[in-house]
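Quick heads-up: structures coming right below.
Both of the next two complexes hold chain A, though its partner changes from chain B to chain C.
Let's look at the complex of A and B:
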């Protein structure tokens, strides 16, 4: 689970909530079930709040829990919860949309960590694992072309129109795709500098500092890619 | 929800990824630590009861088992720990890059955003780096932060981008630096002038 322990993206992608059903009673953690807790809290007086906190989650309740919690209760010797329900973005209907044309889906809005989250999801056990994995792969394959296109053509100019069109085209990219885009653009820019014989030029340190920041980002991206 | 404060911390980190260092969020961190300690305490108690019922062996089956509770709490503790460590780690990396881009002295508004430990880290990092830079480059120290690409030639062609006036080069000759004038000087002098944005390098 902890393949990049410090990565912000990884932490954010493991926070996504997943529905599942409990198989056993879980004592003392009644407050995890937000819907019932708030409903009863409103009805009863605040004095009962403490009591509520120590009530138990009964078996067969359906819950929405963050992925990291699901992971800890689904992947141990004695399972506490049933198979998790797939999040909407990986559901059968959505998979059909991806199969039809993956490039139109606005991943930035619907699932900002689509690939990462999907990869984490595959570590759990559920029925349609194979299909989800195939969808992830095919979605990436279909969308890769537009990422590559964007990284080749959407640079080298700073005028407003260009900027807008770039926003339009890259607005649908999710996090990992944006990192890939940045890598592509940086590589293309470097190549351009090499061709124009600008690599020998000495630049004031301020710009140099920015390039080191960029290389940090790039190294991060590289590491991520290698680990994948 | 468990570990929600820790998640807030990471969201804050994510938002400030491309900007300057935000203030060290001591309050949220304190809350996270308190939550983790509280969870640990509760877990400790429950583990004690589990161990006791196991040794008694009397009501082993009747009472609901506490194991799921314990494992969820444990996961939450680990989660909080991970978020806190990631927070500190990313800030550390940013502070390191500050040393390379801004230099040994941080401006006041940045210093105020650092915690005491981070300030100490910065000064230690500073010392380590400067003592290393003193140790290399034969007898005089080499400033690694100024030019990271090794020079290709002994002399460099430069063009002035501001009216500076007379400038004494390291070999003693005095050159007049006026706007748009071009000079052929030693690379070390050129580096110095470029660094101060008096001239730019012509390839």
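Let's look at the complex of A and C:
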């Protein structure tokens, strides 16, 4: 399910907080109840813990925990918690918006890891699993066409007018879609090099750690020598 | 395969040239290139032809698929069919580019052929885009496409691979009921 331990995309997409509901009493973790949106379990909580030291979390309290924790406690044999509601982007209202027209939704702002997070969520048990899965698939298929159009048009950085309109379109793509865009554009950039006859040019190797200014100075110095 | 590799491989294709010098047979690893006699056309690999041309030792003979009429015929066929038409050579676009760069004067109507080639390329690219779009939208497992040149395959390979992977992952995640 996870890509690999160090995958940045996985780390970012699994640290979003999700609301869950406890099914059993948990002793000694009463301080968790006040931690909803702020960073949890840091030093100030430890001070509180001296007072609420041995209070327990009662069943049916709602907590917001990051996904990676919920995966462990919702799926093991003795289930500590269940998932009463999904994050907002996967709710029924949003799903209807996606069904109507998926390409206008600004995924970069609302959920930059929409697909990956959705796939992680589908590992848990909740009621509307099939609908969420179908929404994910159909959203991707609908947005695919605009990704393809954007990536197959090579826009030079000097062409400001087109640049702006492209930025507007691609500003709505989330992370996975942006990666796809980069791949397509890289392929077309290569083809452009072929057409402009640049593939046979010998370029100086990129020297690690040197800025382009320094390499220009180097090249300029060499040219001066030859003129003598 | 990079576009650089495809270009490298395309230079292995044979082409007819007319040398203006005399030289006995040259034995290469891949085969031998016949004895060079002035004004006698013979087939050489492309890389050798480019080298000879740039040192002014030969003249190119226009290959049959690069004449104005045959390119026009190709374009017409491509416009009629919805699927891709077979190309005379798997490296048509690269080779035509290379030949134009090196030996423009040897090809009659060179500029017009260049324009026709560009039209052909744009047409095939448009067909590619619509067929990829259909593939993604329908969510089919595979699609069969024939008669694509190496350059086009090279262009869409990375993009198509990654996007199909994403679609497959999302499809797998749908629970069966």
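Definition applied: the second predicted complex is superposed on the first by the 180 of 228 C-alpha atoms of A that agree within 3 Å, B and C clash if a C-alpha of one lies under 4 Å from a C-alpha of the other, contacts with A are read in each partner's own complex, and residues count from 1 in each chain.
Keep this in mind: a contact is a pair of C-beta atoms (placed from the backbone, for glycine too) under 8 Å apart; a residue touches a chain by one contact, two chains touch by 3 or more.
If you're wondering where the values come from, they're calculated on a predicted model, not measured in any experiment.
Asks: Where does A:126 make contact in the superposed view: on chain B (first), on chain C (second), on both, or on neither?
Replies: Neither partner.
Asks: What is the contact status of A:201 with respect to chain B (first) and chain C (second): first, second, both, or neither?
Replies: Touch status of A:201: first partner only.
Asks: Please work out whether A:141 is in contact with chain B alone, chain C alone, both, or neither, and reply first, second, both or neither.
Replies: After superposing on A, A:141 lies in contact with chain C but is clear of chain B.
Asks: So, A:69: does it touch chain B (first), chain C (second), both, or neither?
Replies: A:69 sits against chain B, while chain C stays out of touch.
Asks: Quick one: is A:32 in contact with chain B, with chain C, with both, or with neither? Answer first, second, both or neither.
Replies: A:32 sits against chain B, while chain C stays out of touch.
Asks: In the superposed arrangement, which partner chain does A:152 touch: chain B (first), chain C (second), both, or neither?
Replies: Once the two structures are laid over each other on A, A:152 reaches chain C alone.
Asks: Counting contacts the way the document defines them, which residues of chain A are shared by the two interfaces, the one with chain B and the one with chain C?
Replies: In chain A, positions 197, 199 sit in both the chain B and chain C interfaces.
Asks: Can you tell me which positions in chain A touch chain B when the two form their complex?
Replies: 2, 5-8, 11-12, 15, 24-29, 32, 34, 56, 66, 68-69, 71-73, 76, 78, 80, 197-206, 208-210, 212-213, 216
Asks: Which bits of chain C are touching chain A when the two form their complex?
Replies: Within the complex, chain C contacts chain A at residues 2-4, 7, 94, 97, 101, 125, 129, 132-133, 136-137, 139, 151, 154-159, 162-163, 166-167, 169-171, 173-175, 177.
Asks: Of all residues in chain B, which touch chain A in the complex?
Replies: Within the complex, chain B contacts chain A at residues 1-3, 7, 10-11, 13-14, 17, 42, 46, 64-69, 71-76, 79, 82-83, 85-86, 89-90, 93, 97, 100-102, 145-149, 151-152, 156, 190-191, 194-195, 197, 200-201, 203.
Asks: Please name which positions on chain A make contact with chain C in the complex.
Replies: Residue list for chain A touching chain C: 115, 118-119, 122, 129-130, 133-134, 136-137, 140-142, 144-145, 147-149, 151-152, 176, 179-180, 183-184, 186-188, 190-191, 193-195, 197, 199.
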